[in-house]
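Accompanying notes for the structure given below.
Note that the chains are named A, B, C and D in the order they appear, and that numbering of residues resets to 1 at the start of each chain.
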Amino acid sequence: MATRVTVWNENVHEQESDDVAERYPDGIHGAIASFLEDAGFETRTATLQEPEHGLTEDVLAETDVLVWWSHCANHELSDQVATRVVNRVHDGMGFIPLHSAKNSKPFKRLLGTTCNIKYRHGGETERLWAVDFGHPIVDGLPESFEIPETEMYGEPYDVPEPDRTVFISWFEGGEVFRSGLCYRRGRGRIFAFRPGHEEYPIYYQDEVQRVIENAVHWATPNEGAADPDWGQNDPIEPLE
Amino acid sequence: MATRVTVWNENVHEQESDDVAERYPDGIHGAIASFLEDAGFETRTATLQEPEHGLTEDVLAETDVLVWWSHCANHELSDQVATRVVNRVHDGMGFIPLHSAKNSKPFKRLLGTTCNIKYRHGGETERLWAVDFGHPIVDGLPESFEIPETEMYGEPYDVPEPDRTVFISWFEGGEVFRSGLCYRRGRGRIFAFRPGHEEYPIYYQDEVQRVIENAVHWATPNEGAADPDWGQNDPIEPLE
Amino acid sequence: MATRVTVWNENVHEQESDDVAERYPDGIHGAIASFLEDAGFETRTATLQEPEHGLTEDVLAETDVLVWWSHCANHELSDQVATRVVNRVHDGMGFIPLHSAKNSKPFKRLLGTTCNIKYRHGGETERLWAVDFGHPIVDGLPESFEIPETEMYGEPYDVPEPDRTVFISWFEGGEVFRSGLCYRRGRGRIFAFRPGHEEYPIYYQDEVQRVIENAVHWATPNEGAADPDWGQNDPIEPLE
Amino acid sequence: MATRVTVWNENVHEQESDDVAERYPDGIHGAIASFLEDAGFETRTATLQEPEHGLTEDVLAETDVLVWWSHCANHELSDQVATRVVNRVHDGMGFIPLHSAKNSKPFKRLLGTTCNIKYRHGGETERLWAVDFGHPIVDGLPESFEIPETEMYGEPYDVPEPDRTVFISWFEGGEVFRSGLCYRRGRGRIFAFRPGHEEYPIYYQDEVQRVIENAVHWATPNEGAADPDWGQNDPIEPLE
């Protein structure tokens, strides 16, 4: 059965900037959903402006992996929906925050840190090195690839020590960044992927699309063990 | 300079149960503060009932390590104070949640999971194995020690994969539990230590006291690197 | 394409003990290969007594996952074959050391520690708790299961902090053990699984078979990134 | 009591190159021992050319932390001495392999991987970012520092996922590298630190000296728990 993906986007820059609207005529969510659809995933989209931000209990219950793009409107997400997303991740839903979604409420709540970084607008070269060259998220990729123009994100990146560091980026201006990080919270897999500033056509780039496709496969929920019988439990062995 | 420790306690069972009040006449916080004082730490206490739960900005600013006991009143902690504690941990304060403090707001926010467990009242034997036998938190301890009567906590324990698993407990009734877990969030070290149910004189036990003393040493903040210059940054290298 | 599994066994107890020979008439390797074959894997076996221990370059090149049982003859494995196995793991082959294979040359070389443990013969109850309840290796399993009679292995277990702790065992005699541990070395996934003493019919037990089947799936190599271009490299960016 | 440090050096380039001999008139070991002595450590040196490479059982027994520089002669180290070093690390000795010591026998045996990298001679700028800005190894350091001229090491670096990634380097030629990595094996702490090519005066640089001093403090053995009683053990609890 195909993995069911929901691509969520705050969808603000596309409304406010002609430049972004021209680059992503169907929104960043539309561009991402399009290549994931082509890759064989069952795909839908949702945006900040919809009722409940398009992330009702029903939508989330039918979502295997949630891809998330956000930037300037991270604070506009309701606490209630943020909690709902976090709970679904605990329950097994994959979560792939892209670019500034590192500042989104669900990601910060799942990680427990500030997620602070350095940044710089203006456009410069980024080279992503696949440091975890055996990881399924880099299947079919070269040992490194370049994004010709991007916003810079720089270390220190205030996140917990990750389960796996998949990519480390080199930036023309002299910084480095851990651009692909794996975490698990409860049953849910999280892959935080840095690239994707709205001012550049990054989601049309082959390698970037391949990473996100691989990440969706990797983050697809598995069965796991039976639900733990949490709470009060009688002894299994006789007590003296 | 001596590490400055604040021992926080919700201090509810001591008020509501003659049995607990008799066991811990100065409160659980008083008992813990007393042996930490004897161990050479500069120690103060704070409780839920005080204004701002006794955890003002000033108190936290002067606290190197916060030892935390809570159980039935975890939900009564104000969100504001929970946020304040989390921020101070990010900034370097050590944090040692004991027993049911695994359900406290600061701990759950720092970890990002449900922290669900199994449990059983009634009193049974627990044996803690020092699986990370080289860790500073087990300095001077035997390879295992017993708590003759305790509440049971059982796996699965819904927490992120820890940085180090220091103790694993064996329970008479057939369960196991990861009873000593290390995490870091920002600059702050966290050691979650399971023992300490209010119905038993656990904090008078030598090995338990030694673990907590060792943990305070381990969680004492270090200098670290200079504060990161987060936010907008100019390029270090010339851009083309 | 079906995962190609080689089940390796030192095959000594089966020759020396009527009791073991009766329990495992086709050898422990035969019993394991049989249920893996039934699970749809392409399966072969190899033993210590064959030329090159049955693990020629060709056999290893055609092996996706190597399941390994050894105990009393760990020291009889040639250094050359041990090196060959280690190299294939680096290159991507999955490796599943069972029971006393924790003392095998390949496992110890891959981990870099002594792998020391406590142990006790005689037969007692073990209960394995699926502490990492969302891991693919516990797919379809209950939150815990029992092995009615087994050899005990006890902590401290001298291994590096694992990538994931999947199982923790409770033993009747008072010990605990991390019975299912995940590591990666190079491209290869390693899952060390404790159960399987030759004196008990452990590999006929459903839950044990399910764990090993799941582990073979989990350890099956993926494509990963292109082979790194290690060694001397020219600069990508112009040097001043 | 002062930490007892042994600085080991293969001491080959100093004999074969006038340039290196002039840069390090007392050998690289002499230069490192000198600033560690000034920092208050009790310091000795040992080299490849001495009997047993200067690393007798007695010397190692009196060594708390072993700092190790090697490059072209890694293969000349005897297997016996390599084993001796590995055993002492398991037993608690800190181990700080510098630069090409990532190819030394003790390091590769402790890690269990190939430790392969990219490299480039010629001299270019390296900038080390303190990504783990709260770690004791970066105490007193800025968020980044530069080495004006160095040999390049590039990812992918074939090592196990580290316990902590302390430094990530940016290189002028377009590569990145995890330049400061923490591991533990048995009781022993390992910090692999990249800088230090013999063709440049890197060990005279303040920041590099500070890192190594901090690492010696961090790697100094602690007491830990009592030695585990490995091997055959009687049951603690009565068996049925």
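One rule holds for everything that comes next: contacts are C-beta pairs under 8 Å (C-beta built on N, C-alpha and C of every residue); 3 or more make two chains touch, one makes a residue touch a chain.
Labels paired with UniProt names: A, B, C, D = Trehalose utilization protein ThuA.
These figures come from a predicted structure and were not determined experimentally.
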Next item on the list: If you tally contacting C-beta pairs, which comes out ahead, A-C or B-C? Let me know.
Entry: A-C
Check: So what's the Cα centroid distance for chain A and chain C, whole Å?
Finding: 33
Item checked: chain B-chain C separation of Cα centroids, rounded to whole Å -> 36
Next item on the list: Send over the residues of chain D in touch with two or more other chains.
Entry: 127, 130, 133, 143, 154, 156, 161, 163, 172, 174-175, 184, 186, 225, 228-229, 236-237
Check: Is the way these chains touch best called a line, a ring, a star, complete, or other?
Finding: complete
Next item on the list: Provide the residue numbers of chain A that touch chain B in the complex, in ascending order.
Entry: 86, 90, 109-114, 116-120, 122, 124, 152, 154, 156, 158, 160-161, 163, 172-175, 183-186, 225, 228-237, 239-240
Item checked: In the complex, chain B residues that touch chain D -> 92, 127, 130, 133-136, 138-143, 163, 172, 184, 186-188, 222-229, 236-237
Next item on the list: Going by the contact rule at the top, pick out the chain B residues touching chain C in the complex.
Entry: 127, 129-133, 143, 154-157, 161, 163-165, 168-171, 174-176, 178
